[in-house]
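You will see two complexes here that share chain A, one where it goes with chain B and one where it goes with chain C.
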Partner chain A sequence: MPTTALRSRRINRRERAWGLAFVTPIALQVILFSLVPVGIAVFASFTDWNSIRDTRDFVGLDNFAEFLGDKYFWIAAGNTLYMLIPIPFYLLFGILFALGSHRRTPGSTLFRVLFLLPYVSSIVALVVLWKWIFNYQYGLVNQALAAVGIQGPDWLGDPAWIKPTIVIMIIWKMIGITSIYMLAALKNIPDVYYEAARLDGASPVRMFFQITLPLLTPSIFFLTVVGMIGSLQTFVEVQLFTSDGGREYSAATITYYIWQKAFGSGQLGLASAAAFFFALVVLVLTLVQFRLSRRWVYEGE
Partner chain B sequence: MTKRSIAAAVAAVAAAALVMSGCSAPADSGKQTITFMGWGSDEEIATFKTMIGQYEDKYPDVTVDYVTVPAGDFATKLQTMIASKKTPDVFYLQPEKVMPYADAGIISDLSSFVDDNELFDPANVWAKAIDMYRYDGTTPGKGAVYGLPKDISAFGLAYNKDMFDAAGITAPTDDKPWTWDEYAAAAKKLTSGEGADKVYGSGPYSLEAAVWSNGGDWLNADHTKVTVTDPAFVDALQWVADLNLVDGVAPSPEELSSQGDYDRFVSGKLAMTGVGTWAQGGLWNDAKFTWDIMPWPVSPKTGKEAIWYGGIGFAVAKSSKHQEAASNLAAFLAFNEDAQRTNIEKGQAIPNLIDMAKDEWLNTGKPPANKQEFIRILEDYGRRATQTYTFNSDWFTLFNSNLASVQSGQQTAAEYTASVQQEMQDLLDKGIAEQQKK
Partner chain C sequence: MARTNTAARRTGTVVAFALMLLGALTMVLPFLWMVSTSLKESRLVFEFPPQWIPDPIDWANYLEVWDVAPLAVGLLNSVIVTVLVVTVGTFSSTMAAFAFAKLDFPHKRTIFVALLATIMIPLVVLIIPQFLVFVQLGWIDTLLPLIVPGLLGNVTMIFFLRQYMLGLASELLEAAKLDGAGYLRIYWSIFLPLCKPAIAANVIIVFMATWNDYIGPLIFTNSPENSTVQLVIASMSSYYKDQTDYPMIMTASVIAVLPVILLFTVMQRYFVESFAFSGIKG
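Right, the complex of A and B next:
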């Protein structure tokens, strides 16, 4: 039937034109604001681009050699790994909070709002708040400890305590959003599973481990991946809690290191190289996670 | 919908993208527009707006686009603008940036303008205020002028006179400053109480004042060798730390992180601490007691006073197409009498104009009574901070990064300086190499 074929081809062409029209803005956005900058950054990694001296000469792998040989880069790398610690904690608490507010009990909506509050608040405001909570002499934490006769540490100044302080804050901040995701996942679990389990005489604990938890694994996986990337990029907390990365660079993360190189000393080439390298590491870690996920994430029958 | 309208839609999107990515060239007319970027408190910004208005009245052909950014973001923003070749015509310049910016050809040489201009008499400006922006290509403080002073500030030692009177202590006079021992003894008398209500005699003592007075310094005379392990330096650092550790007359680093020395001072929990000239206005509002400035105590070894002075300048971008207008704006803001008078009214800084500082400022009747001490710092014993003499201050940042371990007693001054000396030297060498690379 030639006419229909012709018509469908015409429709196809018209649809394609429309499709292009709709795709153009986002394509331009991706090209202009993602691909081009990424390309420039990769290229810059191999130059001695300096924003003050305005040099842009090709230096090969010098930048990579420089930061890989910089002891502060490795301190920052260690600190960055440390920032992964919050993830299991907020996942655990997130699930517990979600289970707690899952059933329609009086006040559950209020609690859900309260859980989310830290997440929707400005990080700057949160840091100011936590700086007060952890203030050495006048902070809530140390005053509470003093009430039971313990002299609390200098949370924000002592190199041994600044990282745990940031970890505690991140856990607190992330529990809310985690529990909201978990709540959504819980709501998606059909009641029939539980009914069937109850008929078979399964205990609530058994139901949790045999039904609830496996069906939550896709959400847990998603939050782990997103959380890991977010943790590895920890920056604002460091910049706001410390003005210089902390005593002995004890709080500085890789992102902070890159920022310092780029905007503190204008070494854009070096900073690009470190950022490029770091992006590859994050990519590899994420791929590994996807790979491992096959072993524990439930993907349906 | 027809094909044509689709094509039009695509064209519109493409045009929008072009508009986003590029910018149209301004129409060329006799009128010049210059950009001026700085930071400041709301009051300071309001004052600058007024002064810029006066400047525009005087030079009707010029329009000033005044951009303010938060102080903390200024360096990042400026660096980004320089990198993207959109350097503001006039901008705030820290003395330590003179060398890198001059070498990179970012800031204009204003020497000829200083020597010959209609707006000010160089002889009536503090030499130290202008010298901070001199650089001859190798040594800072000499040669061509790359900035005009916005203000000049000095760091004085403030004391709570009411507390002194109550303890029966008389502050020393200019001709007979205290020795360190006398200072520590006075601080001991002024220290009382326990815990959160403890009143300390001394604030965190200025390390510059101690080290320099003791004959030490961070670097040698030509700023090429790190000298923090010299006994003169080590002893001074240890003395400062011991005010807290041994004498117990100064707050610990932990206590200072809970509440800073300025807040302690204004709430009457600290009797003596260093304050800059910029803090005068704040103290007028905050301090509910009589306070004044005394000369810096001296090391018994040398008997010489020492402290730092500093300031912020105005630089003109070398890339500016309106050098004359930009230089005039910098000079107008730096030396205009009304502009400088606001430094007096707001208690922000010492006026740049010598005659005004020595007459109007000394006689305002507002505290501190002994403003003469600040003038002495400028004319006599004040020094530029050591890190402003080097190409970059990474070595200094490193030195400070774990200084708290000495102040809290985890390491002695000798141990700490020995542990950081080599790394400081490496960073200093790196800076010197970078300066010579040009």
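Right, the complex of A and C next:
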């Protein structure tokens, strides 16, 4: 008996050692490239850290006052909210495509692969392609519009059109992956619900609104939250479509604003402060989403 | 009654098929246009109405593009970064996932929650101080900032695989322990093979994220010798903005998206399935 206890204690010690060894790489990554950076960022937020002027003095809350008083920060904030527009659209199209796939429409498997092509391709390639297709004079889109007698807008140069162009691209990119999530959710709905409804003589439309849609709400909620967090951080599209945030700063988002401050003008302190403020806003909006979700997300019996 | 039902269903299928076809065309046509443009002589690019199948088909761009931009260097750098991150990173991630799912060790919960917390931090908060850390390490304008963090693992992959391994019977572990197998062996010859489909799905995702990454190379590298393929394409595009040599840019883009699209097409089954068994409950 004592020998077994001893043996199992030795096994436990080995298990603990191996367990720790296995998680050491990721723990190192998190410490070196997340926790330490967060610490530095907290410190930087309260200094006038500037990589060009080589200053690094404590300035209290000056950074926060500076960006909150900056007209361009607020323009960027407005543009950032604008980037939420794609979410309902790709959710709607994603659900429609998932419904089509789910009822085993011929060609579904092939279509699913095709719908995911934009998602798996790099944003750089997509933007370069988009710049060509939406070219004012020779782009495919404006040529097609011209063929039916419409003068297409200057999608990329006109401050009024650059944001819609980005929005259209994001919708196009996200429909495929959204539908994959939705399809998984549809497959999880037990058939008995539909069978029971059919016995009661429910119409397909009624079944959709009474069974399918409520049971999709957890997935819709998940994708809304993830989509919101992602959309609020829109950056690459802006950086690639415009070289300076667009005419009249028309496309610049908060992340773009911060990037420009940090790596354009070297204002690391100011940029860190703005980044923290932004992270806090994203966190609050996420919590609000969770709060509101109680009203519309189906939680099961 | 039954007859009208089948008829209604058939109409439904036809409508659904038509709509899905329309959607699929919207997804694919831009890519076909990309390929089409890449096969054109410059003078044909501004033709109206547009030519979908170029006449003549001109492959010259695919030979010339290598001289026009440091595309070969970019591709090589992207291959180095991606291969290292995907292979080594997959081992680091699966080992950690195994430990979190099946082993008992001190501070397991704390470490796990810390991982969870870090993926919630917006990238923009981390990127500036990460830059400062890399400056201190002397890694700026090398490939190291793109490689080293990835070698240590990927938090999303760890979550996903931990979830997957929790679903595998713990008796496997106990039985192997009784047989005297070491933990490394149990990980390697029992749990790793059982996780193949889940690993495949994650490999695609990590491959995509690494190959397509633009922000990392943009901020941490600056000389052409250390550019990845995405950076090469981006700078080509801004360089050619006024000259509008679209066939050349489209050629480079085709080359840049091809590896990911090929990998995805071959492994799409795992990719799609992975979302099915991830069992998202919101």
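Operating definition for what follows: the second predicted complex is superposed on the first by the 276 of 301 C-alpha atoms of A that agree within 3 Å, B and C clash if a C-alpha of one lies under 4 Å from a C-alpha of the other, contacts with A are read in each partner's own complex, and residues count from 1 in each chain.
Throughout what follows, contacts are C-beta pairs under 8 Å (C-beta built on N, C-alpha and C of every residue); 3 or more make two chains touch, one makes a residue touch a chain.
Please read all numbers here as calculations on a predicted model, not as lab measurements.
Contacts of A:R14 after superposition on the shared chain: both chain B and chain C are touched.
When the shared chain is aligned, no partner comes close enough to touch A:M207: not chain B, not chain C. Of the two partner chains placed by superposition, only chain B is touched by A:L156; chain C is not.
Taking chain A as the reference chain, the count of touched residues is higher for C when chain B and chain C are set side by side. In the superposition on chain A, no contact is made by A:M228 with either chain B or chain C.
Once the two complexes are overlaid on the shared chain, A:A77 sits clear of chain B and of chain C alike.
When the shared chain is aligned, chain B comes close enough to touch A:Y136, but chain C does not.
With both structures placed on the common chain, the touch criterion links A:E248 to chain B but leaves chain C unconnected. Applying the stated contact rule after C-alpha superposition, one finds that A:A275 touches chain C and leaves chain B untouched. Applying the stated contact rule after C-alpha superposition, one finds that A:P25 touches each of chain B and chain C.
In the superposition on chain A, the residues of chain A contacting both chain B and chain C are 14, 17-18, 20, 25, 28, 32, 135, 137-138, 263, 268.
On the side of chain C, the complex with chain A involves touching residues 12-13, 16-17, 19-21, 23-24, 26-28, 30-31, 33-34, 37, 45-46, 48-50, 92-93, 95-96, 98-100, 103-106, 108, 111, 114-115, 118, 120-133, 149, 151-153, 155, 158, 177, 183-184, 187, 208, 211-212, 214-215, 218-219, 230, 233-234, 237-238, 244, 246, 249-250, 253, 256-257, 260-261, 264-265, 268, 271-272, 275-276, 278-282. Residues of chain A touching chain B in their complex: 14, 17-18, 20-21, 24-25, 28, 32, 51-54, 135-139, 154, 156-159, 244, 247-249, 263-266, 268.
Of all residues in chain B, those touching chain A in their complex are 1, 3, 6, 9-10, 13-14, 17, 20-21, 75-76, 79-80, 82-83, 100-101, 103-104, 106, 196, 253-255, 257-259, 392, 394, 397, 400-402, 404-405. Within the complex, the chain A residues that touch chain C are 11-12, 14-20, 22-23, 25-30, 32-41, 44, 93, 96-97, 99-101, 103, 105-108, 110-118, 120-125, 127-133, 135, 137-138, 140, 143, 147, 172, 175-176, 180-181, 183-185, 187-188, 217-219, 221-222, 229, 233, 235-236, 239-240, 243, 254-255, 258-259, 262-263, 268, 271-272, 275-276, 278-279, 282-283, 293, 297.
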